[in-house]
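First chain written, first letter: the chains are A, B, C, D and E, and each begins at residue 1.
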């Protein structure tokens, strides 16, 4: 068989709709997971044993159970105990929760990487814990975790393909329909692969730019 | 030809759809069972070789034949002119119309009532094609397999309706009091065995098999086995 | 008055400070000498409350640093300059300097900035106020570190080997600034390896050895043959330091 | 429904599913490790064309969803190249390649983690590239990479759940078929989730054990 | 004989070595002085073949280091000791020392180990042969680094600021070893900031400034008022170095 990509031309608009849904879900889930990740990172560095233990449990659970199982649990399992959430919201929430577990690790690492001397400098200057955290710890941690957070986002885009299993017609879901309409799965999935790779490549380019912008002033100048 | 290939390999690879009772599903030992599975087993017996089942979902069954991953598909496949461009069909071994099932308390009684409602369809099934033209305003909810995904959504009342073959939905309605089918079949499709193009002899052999299946009474017996003693098997015409 | 009374400090089984007594009067410049591991940094860290004491008492203008509320007061009265500068990397030189005055002393931003700029100008960094630490040389960073401590108008300046991370050229930059401060009457407690420099600027020199304050003498006396040098450990230490 | 209730045999089914999951995980991890390390060596020696090819392939594999890769191999390859691909074969090929891509990244970064200083020292003493790789880099890279590798493998264990979508009877697929019969997704997905969690924990503690042994063996405390 | 002839080296637009000539005869100890960034390390790295030359030629006993095959020979004849030790952290002191003799010189393992142990004993580390670098102090690590170079029985020993990562006590440990080696007739090229020490052990001192070899004089001459000190740059450099 010849590789004939022209057969996909009539379906491009249809696929673009799916890509839009993918991006929408990922953008929302990114916001969700960074907020969640920040809270959990704070909780995990908290001095209260119970809070930090709870936060750890959350991270541990959602990192060690396959996303597809989490998703099925949320979408098909929860209604059994009376909790109904529509497919799109389920997808965004599930991505946020799973992403939050990874984001919290990235942010926590950023916090822990802060030089102790800087914290001591703040302490002896008489800065309160709150000021030290909001003015010094968090700004530095977020700057240094831009890259790891970027990989969380990229991972999220890839993971979002699984949302097709709970009736969402995001990019992969639409592609499946096209594949069954055209009986040309090879062309469809090759193109899909390239589209995802291009998408994540663009995202990682963006991350690099953002990282550079934010850390511009922290770089030693090579003279 | 394919017949020699199968005998040479000493196994026949049959695709069945295990996505709905009573057509095809798994028993509590995880073995495939159902109307289609019985038909497939009979084919294997007549061929004199053991069978290897593959569970094919709606969008895969045609392409897996084309690509040579399967020898035969007995998966509740409607023989449509569109599909016949890609694969060969035997004479029908079953018939089914498209049926719509709705929540009993939804008050929907006909197709017009589906406008703007949520309807479960299988990706790449005839139901999807039909509803898109018949009720363009309906909101389609896509699943890869009607069961359990579609059934669960109906049961959890997250959708208003579903469209599938009558053979599946009639059965579902009898088992589930909160669901009712709305009257009328939206097609009367021949359900056929599908094979890859390029081997007329093999199609001919399968045609003879189906004819024998109908005439020998195996058809009626199998139908009643799965849909109940009182069920009325649709009339099928043997070719031979 | 800064008073260290009979202070003991141990890390686990290791005793690092063993009954140290030290009094620093306003206007004095006291240098602390001692070999590596003798407890100099630990003493500084005890004074600014970064380490808890095992026994004894430290007061800064009569505020006991072991009591959290008084510690806050004590810290307002003392400023620390660190060996590794420890500047906030995401803030400009000026922001580094004004953060504590604004947040702790609640000074109005404009005032704090004006004072900060004045301090920077004083140390020759008037035009680098908006540079980030990474854009400054080591000596410049350390000068910002000194300004950060001075911005709180402390009565006591604690300095822990503030030049040891600098190369010779930058060291002299920073020492010049410190000499000027000393002449202007700033009270300083000064841990250093620059013996020649200590001799020039301090009123008193104390010598720590294995957590014990062996010698506490006016500078001249310390370097005199019948003073500090009479102590074999001090003589040995000084001879090694001046090898090259 | 016909077989609506849970039966004791379901436990056997779940364990069978777990067996398939673990088996495929082991096979694909092993292949992935071998292939990934081999790619790493190609890169170390800077073999011209091969090195670019390896980098490209691993980028594509890392930057597209595993689900799409699976579809491409299972549905696309047979349609295009007319080869027969069973679900298990598709799973093995896809997961192995995917693991290899990430192992490659870990191999490269752990090689790079070893200071250029050390390599220079060894080169100055006349050791050849191969000798440097064998005596200086490999032992340290192994110790360095065991942590990231464990994290990767825990992740790959979860990725195996996606093969249920192409019909492999793994743990996730058993979950789906139990649902088809019982229509009780809450219990089913909870049970499946716990089994995955335990399996992931087992892999993680195995990794921790290996790390401890490797470190104890070479006893570098300060590193 | 080690010969550096008219060597030029640039990193991109920056010229780091600009026509350097240097000859080191067997038995000589040559110290290289110069301020930071003057190109001292680069010169050492050119000699042991870690950097490619832009122009000129370096030969070690007539083996041209720019030719891969001859470089291998040249490297067998010269040993390098690094500023940051660069020990292999996963190998014991002894393994660090014996790796190259076994792998490159194809010495039998037992012999190489016996010699390695002898070397370690010579530098006072006989009982630390099985310790890992992380378990050794800085001075001890540097001594292992020296043994590692000596184990190859090199005719030329290249040393680049081998004590600058050490504290004063450890520095003197290492310098003692080097002085002994010099007395035993080892040929050395020695980059250092320890001027006093350079004066004591070297036969000749060369002074690099911005990649140019400004001065190349016998040691006595170098420190004489009409010799090296007649050069303003040298005088300035020495005065700064000896400030404390």
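Everything that follows uses one rule, which is that a residue touches a chain if its C-beta (ideal position, glycine included) is under 8 Å from a C-beta of that chain, and two chains touch if they have at least 3 such contacts.
Keep in mind that what you see is a predicted model, and the values were worked out from it rather than measured.
Undergrad: Counting one step per pair of touching chains, how far is subunit E from subunit A at the shortest?
TA: Minimal hop count between subunit A and subunit E: 2.
Undergrad: Work out the mean Cα position per chain and let me know which chain is farthest from subunit C.
TA: B
Undergrad: Can you identify which chains form the pair with the largest number of contacting C-beta pairs?
TA: Summing C-beta contacts for every pairing gives the maximum at A-D.
Undergrad: Between subunit B and subunit D, tell me the centre distance in angstrom, where each centre is the average of that chain's C-alpha atoms.
TA: 37
Undergrad: Subunit C to subunit D: how many Å between their CA centres?
TA: Averaging C-alpha atoms per chain gives centres 54 Å apart.
Undergrad: Roughly how far is subunit A from subunit D, centre to centre by C-alpha average, rounded to an integer in Å?
TA: The mean C-alpha positions of subunit A and subunit D differ by 21 Å.
Undergrad: Indicate the residues of subunit D shared as contacts by at least two other chains.
TA: If we look for residues of subunit D contacting two or more partner chains, we find 75, 77, 79-80, 82, 165, 176, 179, 185.
Undergrad: So which stretches of subunit B touch two or more other chains?
TA: Residues 60, 63, 66, 144, 148, 152 of subunit B touch two or more partner chains.
Undergrad: Quick one: which chain pairs are touching?
TA: A-B, A-C, A-D, B-D, C-E, D-E
Undergrad: Where on subunit A does subunit D make contact in their complex?
TA: On the subunit A side, the touching residues are 1, 3, 61, 63-70, 72-73, 76-78, 80-81, 154, 158-162, 164-165, 172, 175-176, 179, 183-190, 192-194, 196-197, 200-201.
Undergrad: Per the contact definition, I'd like the list of subunit E residues that touch subunit C in the complex.
TA: 36, 167-169, 172, 194-197, 240-244
Undergrad: Once bound in the complex, which stretches of subunit A touch subunit B?
TA: Spelled out, the residues of subunit A in touch with subunit B are 76, 79-80, 84, 86-87, 165, 167, 169, 173, 176-177, 179-181, 183, 185.
Undergrad: What does subunit E use to touch subunit D in their complex?
TA: Against subunit D, the touching part of subunit E is residues 48-50, 72, 75-76, 79-80, 82, 84, 86-90, 99-100, 103-104, 132-135, 148, 152.
Undergrad: Looking at the complex, which residues from subunit B come into contact with subunit A?
TA: 58-60, 62-63, 66, 86, 123-124, 128, 141-144, 148-149, 152-153, 156, 158
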